[in-house]
Structure formats: structure tokens, C-alpha cells
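In the two assemblies presented below, subunit A is common to both, partnered first by subunit B and then by subunit C.
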Partner chain A sequence: MASQPNSAFESLEHQLVSLISERLLETRPDFNADSNLYDNGLDSMAIMQLLVLVEEKYRVAIPEGDLTRQNFSTTRHLAELIRESSARAA
Partner chain B sequence: MNIVDLIFSKADRGAVALIADGIELTYGELITRTDAASVSIAAAQAARIGLDCPNGIAHVVLALAIVRAGKCLVPIASELARPERARLIKETGIGAIVDAAGQVREIPLNGELGFDEKTLEALNPAFIRFSSGTTGRSKGIVLSHESLLARVTAANRGLGITQADRIVWILPMAHHFAVSIMLYLLHGATTIIVGSHLAEDVLGAGRIHGGTILYGAPFHHALLAGDASGLPWPSLRLAVSTAAALPLATAKAFESRFGLSLSQGLGVIEAGLPMLNLDAQKEKPASVGRPLPDFSVDIRDGEIFVRGPGMLDAYLTPWRTRDEILEKGWFRTGDLGRIDLDGHVFLEGRSHSVINVAGLKCFPEEIEAVLCAMPEVRLARVVGKTHSRVGAVPVAEIVPRDFTHPPKLSALVAHCRAALARYKVPVEFKIVESVPLTPSGKIRREETAPDLA
Partner chain C sequence: MHVFDVLVVGGGSAGLAAAVSAARLGARTLLIERGGSLGGTASAALVHSICGLYRLPDSPENPPVLANTGFAAEFASRLTALGGPAGPIRMGRVDVLLQHPTAFARAADAVVKETPNLEIRFHTELLQVSSDFLNATISCRGRTESLSTRTVVDASGDAAATVLGGGESEMAPSERLQRPAFIFAMHGVEPAVLQDDGRLKIARRIATGVQSQVLPKGALGAAFRWSGRGTEAFVTIDLDAPDYDPLDAHCLTRLEMLGRELAGCVADFLQREVTGFSQSFISALPSRIGVRESRRIVGKYRLETHDLETGAQFDDAIALATWPMELRETNRGPRLRYPDNNRPCEIPLRALRARDHGNLFAAGRCIASSHEAQASTRVIGTCLATGEAAGMGAALFALNGECDAAAIRAHREKIKA
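After this line comes the complex of A and B, so read on.
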């Protein structure tokens, strides 16, 4: 993953923004990769479901120690976490 | 008898009852707030009152106020989708809803009730927990003041909670209140309400406030066990794992992280807490332990039956009394299990199709019914797919009406989200040509979940 061009990184954020607004949260109209997820309704139950969705979709296992408030604060942080987990697995 | 009156009459007014968001509420303050809230609740005509309030001090105050006012408390879980909420209100015959601000909104009864109000009132009901399900499945567990007292008393013979205990609380109160918050209050303990499941928050609260007891699902324990801070939690004396089978890896990780073994318990909404692993946590982490002193357990044809105090008083719809539900005093749990020579019980799945998502339960039939309501869907099959993190997740197979125009993923998701609580929305949807049926034409579910990889 680390060797992929920047456009692929962009697309992961975009995919996640769509995933979160279509499948998880009632996001605000201006929701984007830098929006605060907690302000958009990410509660404890939603964190669990987001984890299930991204782990299924991207075939990654995010270590428990990385499940921090900071890593779930925005879609961009989450994308970074997925990339790291994916790189570790590779 | 009113159980809240009993709690308050025993309370040490100076002791701390609740801690949340940096606020400490003493029992004296809890009584004052509950009394104030119960005035407008008592004035409502309704016999059954819904509580629509997130976890927090307000939830506890308002729940107690409803019960103290002699009304029957019906928690309304926040994750319910609109149709699910409407069904709960209609089938329990809620006459008023209290919101998080304590505002009481009376609502007109709509349609016939599936039970006789006088018969219900004669039971002295304190609490109705409405579970989702399909037509014909028993819904609405009725607990009287007497049964509540009996079951929390019996449960505490295992938990041993005293005034010295501080319970770290992370589970949704709309799902867990009776054999938890009520129990803690009755025994004068302090409940620390934490608004997050993240390890840093749970561990932080436990350390700051000296938490002695933790109650959670395996998912929560796995998060804690993965905490990388290395900070100890020395005050923790009992960590109960409930709601879903505890994976061995989680048990081991928790033990090595905190130096304390998780105790698996079997909580049954109809029966309270009949089993808790208090003597073989380390050697047999997969066991839910022996029955607590007031309970007996029996395994019949592989299914767990329990007997003991504080059993439910009735199912609301369809109406069935305790005598009709119990089989010569025994309650059939629906859990499959075995018992070893030392009397330790092990769970081995469910006798029916319930899917347990990190402790939140749903039935495949209700999800299938929602999917089949879409015009583009001819048949749907939902099964629980084993998931390492949350136990199981619902996955769906869809037989479209028109294979040239199968429903889009986004449409399926949108449709499910409008009708179902979020955790019930399938994680995967797969378009298939057919689903396995029984000879009588029902969906076959006993086969293992499809591999959607």
C-alpha cells in the first residue's frame, strides 16, 4: 500500500466518507474527511460497527491498542489507521 | 412493596450513588432529584411510561422516578429505528414518554392491547423490557417489584456488592438496569457511568474513581486488554463478562494485562443472573460457572434449564403468566450447554436462530421480513456470521425478483437503516439465485453462514 500513488490515498478517504454516511451515521451535509466523527454521531455502538465494516471491507485487523479516541476522530485519521494496519499485515 | 422506596429507605444519604462526567451525586441528592422528577410523572394518567433517555445520571433519576411514582417503567432504547419504536409503544401500551429533560408527554393509546390491563396491574409491575422479535415470539418481559427484589438479592449472593464497591458502568441502561443499577443502589454501592467503550476512557475512569467492579461484553474486555498505556487497575476485584461467549484469546489477554481473570456470567432477562464463574475463572475461562446459591441448573437434551427466585412474572405479548411459562418451576433458557463433573456449566450456542452482536440480540426473521418488504426482493435469508471481534454479525443473501435489475447495495442498506436498529443492518449483502429451504418451504438456517469472502 505504501508505494501506491497519492490518488489511491485520496480514494480511501472518499470511500470511507461514503461508507460512513451511507451505512453508519446521519452525517451533516458538509461531511468530509476532516469532519469530526463524534460531532456526527459516532457513539460507542457506532465505533464497534464502523470497525466491523472497515475490517470486513478492507480485510484488515486493527489492533485493539490502536482503537483510541484520536484514531476515530476523523475519517482521515481512520484511513491512516487502515493503511498502517494493512501495511503491517503485508 | 415499592422497590425504589426500599432502596431509598436503606440509603446512606451522604454516600456517593453516581459519578458521571465529573459530577458526584450522593444518595441524598439522588432522592431529592427523583422526588422532584416523580411529581409530574405521578400526575400522568398512564400506567406504563416509556423512558427515552441516553445513559447518564438523568436516566437513573428518571427511571427511579417512574417506578417510585407507581408506574411501570418501559425503557426505549435509543438505537431503535422508527418502526421498531412505534411497535414497542403500541404493544406495551405506553401512555406517556419521559424524555432526557424529564418532560412527560402523554400519548393516546392506539388500538387494542394484547393483554388485560387489570391482570397486569395485579402483578404489581415495576418494569417491562421489550425485546425485538418476530410475530408470535414472546415479547415484553414483565417484572414486578417483588421479582426485582428477589432477583437482585439472589444475584448479589454471587457478586457480593457492598457499600465499598464502585462499579464501572459502560453498557446501555435501556438494555441493562434491573440486575445492575438497581442492584448497586439497593446495596449502597457507587456506580461510575462512563460514556465511552474506549480503553483509555474506561481505564481512566476506573483508575481515577477506584473502580472495583467492571461489567461488560467480551468486545469491551478485548478493547481494555489491548490498552497500550501499561497503567494498572489495582482496585479492580471483579470483572464480569456477559452477553456473548468469551473468546479464549480475550480471556488470556485481559488476565495478562490486568492480573485478574474475567468471570463469565450467564444473564437471562427472564431469570436474572443464575450463573457466574467465581471459582474457576483462571482454569476454565470458557465456563459461566456454577449456579449461584439460590439457583439450580439442569441440562435437558443439551438445553440449559434454570430454577430460582425472581423469575419473570409474565410475557406481555402474547400474554403468558409465570406459571404458564415455567415447566414445573424450571425456565427453559434457549441456551445450549453442558455441565462438567465439577458442576461448571459451558455454553454451546443457542437453540434458535438469534444473532448476538456484541451482546445486542436480533433475530434473522425480523431482518428477512424487512428485506422482503422491498419490491425488488423475492426472498431473503439472514444468518449470523461468526466474527472474531463482536461474536457474530448479520449477513444477508438476497434472491431478486428480477435478476437483470437486482437491488443496489445502497438501496438495501437505506431500506434496512430506516426500519432496523443499526446493529441489525446486515454487514454484507449477496445476490444469490436461491436460498436453501426446508421441505415445508421455510428458510433453512442451520447451515453454516455463507462465506462471503
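After this line comes the complex of A and C, so read on.
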């Protein structure tokens, strides 16, 4: 497990963890920000849905260049991507 | 009047396995199929991968292990011999055999041609069956014919034979039914754009297309895969189907047209706007939308969700279900529910036998199961295995007046992959 990040950051991860388990994937009981999303059933179709969900919710645009398997491999990576995108937009 | 031992209704993967397996045991077997080829959903709806052929691997290093020997294994090696992407590939936690629907139909023709005691009739539909399942009326293009049989295997996917004979069936409520999908093929797609991150870029473009309302919302359900041949790709669009009823002609008609409309929008968009698609076009439409779930028979045992979750065992086991429960109750992609410790679930012969009719068997996606259990047992690998068991069971019942799981297991052992 990664060391405890500060609480403001943690909450984005937490929100995404719930969003993903509620709206998108049948996640395992121990699912957390560091779980592998592909092992939890993420495929390119689900990524499409995920993009639309997070872009709407967090008002960001994730550019095509950032669309790599690595960037979507865990919720923590995804959270990082969202932070970067909103920093760019600001 | 024609007299048969076994009448198999429906020539999908389950009906194919059932008919060949019954005939191989010496039963005079008739298979009727409404369409013009074998394979059903696996060929006519352009499904292009076979799930449920292998056990869930315990660790990433373990090689694929067949779940069911017998006809499923035999047919898988016949398909591989016809070319296309050969051998199983690992996708996350599962092993899948990629296949080509045209190969499925050809391999099916080849195996039935080699099988004695087996008659196949295409363009033939079951119209009526008596309540003792001994007499049936079939029809080919307005010409009807009566026949008699000793047993019936309902491999119609929809439990149609069961219902026509007054047998009992059940179906999940509309909003819970697994969503249908429309699969089509495109040509002129550069295979490189469909590899790894390429598919994510396509996902990005489609998401943008939907966000900017250039594409309809339904396009978000699209998934892409290289067919393994030249510049051909398959596109699967899960359909959002309000008031979905897979048994209603109005609903099916609406969905067939919606599927073609979405296919047109997506293909035009890709061709116009996405790298690697500039030379592409729709090269094949399915001859029917893909229906994942409709009726299931009421059996002597109902395979329950809990059985799948825990990997249940039964004295009368005839096949293993190994695919996770793949729930597609929305068109937002699959939710895969895995069993405890990746354990396979045994399927009892009783789940293939109608509760109230000794001579009525079911195979494939309409065996007796809960809605969630069916989300595992509907996959083609498992349909081949339940089809084989139902065919053998029906043949044994027709020839000896009884059948048991041990005899079916013993016959399966004799088949070499």
C-alpha cells in the first residue's frame, strides 16, 4: 500500500472508488484506490463510460494523449489524471 | 410420418452439440433450425469469442485448462484448425478462445456431415408440439409436416419448444434482463489502431463525439476487436432497450433497426474522424440482434446464484460452468461476478430436464437457472457442454427409457479432443 496521502486528495480517490463500484464495475469486496481496474473488469467500453462520467462530474477534459492503459490501471492513477487535467484547465 | 428418437429444436451452439451427441449414441436425430446455418447467436449474431471453455486460472502463470472435455473441446480444436486467431488468450482473469463466426458455421457443417443418424433441416421452424412431447408439427416456408419423436431437446434459446408444448418457463423482469447487443463487421480498418492503447483512443473519440452530440448516446456502448483477418474488425454495441421484451416482435423490430442506425452513425463517424478508419466501411450486418437472455425452463433443479458463487457440487453433475456471472443489466458494460476462490460450478443433469416432462430436455441459454446463474451458463463454451449432455441424455432416454449422469459422463470421456 502507498503511504497515506493527505485528506483532500484521499477524498477524490474515495469518490472515484464509490463511483466505479456503484455505476460501472462489479468490484471485489477489498476494492480500493490501488486495486487493478482491469482485474475488476474494466475494458475499453467501460473506459468510454468512465470518461463521460468523470468529465461530467469533475468538469475536466482528459486529452487523447493521456488515454493509456497505465493511466487507467488504478483509481489512484485516474485521480492523478483528473487533478492534472483540472490544474491545466485552471 | 417420420419417426425420430430425438428432436432437437434450434441449431445454436447448444443444439449443434446436442444433435451430434445424440446421433453419435445411435439415436435417430432430427435438428431443426429456423435460419440457414448452424451456430445461432455464435454465427448469425456475429459473436466472435468463446467463453467458458477453460477454468479460471488460479495464477497468471498457469496455462489454460479445459473446463469440459468432450464435444466442447473437440469443437474448439476444429475451430482452431480453420484458422483465425489460434489458441486461447488471457484477458485479465479469464481465458477466451477468439473465433470467427464464419468459421463456426463452417466447422458446424463439417461435423454434422460426418455424423450418421443425424438429419438437419434449415429454414424449418417448430410450430406445434403435443403436451407429451411425442408429436410435433414443423414448417418450412409455409409447408408443414408432422413427425413423431421419443424425446425433445429444447435448444431454442427461448424455451420455445417447452412453451409450445405447455411446459413451464420463467423469465426475469424486463429491466433486469441482460441487455441485447448489435454486432457488425467493418472492413478497411488498420489493425494497428485496434491494439492496446489504440482502443482507448477510439474510446476517447467516441466519448467526445457523444459529448458534442455528433454521435447519439447509444454509441457509448460500442466495443471494438480486430477479427484476426486482414483489415476486418468487429464492433459490438450494447443496446439501451427501454421496455425490453426479447419475445415481442415489435420490440425486436425496433432494436434491429436501432442497431443498424447506430452502426451507420458509428461507422460514418470513425471513417470521417478517426485515424486508421479513413478507408473503412460496414462489411457485414448480423442476421439478427444478439439476445443474451429470455426464457428459461422450469427444471427438476434450478441452478442458483449461490451455486455459482460457491462452486456447488452435485451427484448428477454433467458439466462445469466456469465463466464468472457476466451481468449486463445496463448498456454501460459488463459487471463480472467471480466465484469464491475461482471455483467452477457443477451443472446437474436435473437443470437440463423439465420438471414435469420426463422426455423433455433443455440445453444452452434456456436451462433451468436463476437470472444471475444464466449470466454464467449462457456462454458458448458452457452451451456446447450442456448441449452435449442434453443430447446424450435424450438419446439414452429414447433408447433405454432412462438416463443418468454417470452414463453421460462415461460417454463424454470417450470423446477425444
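Keep this in mind: the second predicted complex is superposed on the first by the 85 of 90 C-alpha atoms of A that agree within 3 Å, B and C clash if a C-alpha of one lies under 4 Å from a C-alpha of the other, contacts with A are read in each partner's own complex, and residues count from 1 in each chain.
FYI, a residue touches a chain if its C-beta (ideal position, glycine included) is under 8 Å from a C-beta of that chain, and two chains touch if they have at least 3 such contacts.
Note that this is a predicted model, so its numbers are computed, not measured.
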{"item": "Subunit B versus subunit C as contact partner of A:E22, first or second or both or neither", "value": "first"}
{"item": "Partner chain(s) touched by A:D39 [first = subunit B, second = subunit C, both, neither]", "value": "second"}
{"item": "Which of subunit B and subunit C A:R88 touches, first, second, both or neither", "value": "neither"}
{"item": "Which superposed partner A:L51 touches (first subunit B, second subunit C, both, neither)", "value": "both"}
{"item": "Partner chain in contact with A:L67 - subunit B first, subunit C second, else both or neither", "value": "both"}
{"item": "Interface residues of subunit A shared between complexes with subunit B and subunit C", "value": "23-24, 44-49, 51-52, 55, 64, 67-69"}
{"item": "Interfacial residue positions of subunit A with respect to subunit B in the complex", "value": "22-24, 44-49, 51-53, 55-56, 61, 63-65, 67-69"}
{"item": "Of subunit B, residues touching subunit A in the complex", "value": "79, 170, 172, 195-201, 219, 222-223, 225-228, 358, 360, 387-390, 393, 410, 413-414, 417, 422-423, 425, 427-428"}
{"item": "For the subunit C and subunit A complex, residues of the former touching the latter", "value": "92-93, 196-197, 199-207, 210-211, 220-224, 236, 238, 327, 332-338"}
{"item": "Touching residues (chain side subunit A, partner subunit C) in the complex", "value": "23-26, 28, 38-41, 43-49, 51-52, 55, 62, 64, 67-69, 72"}
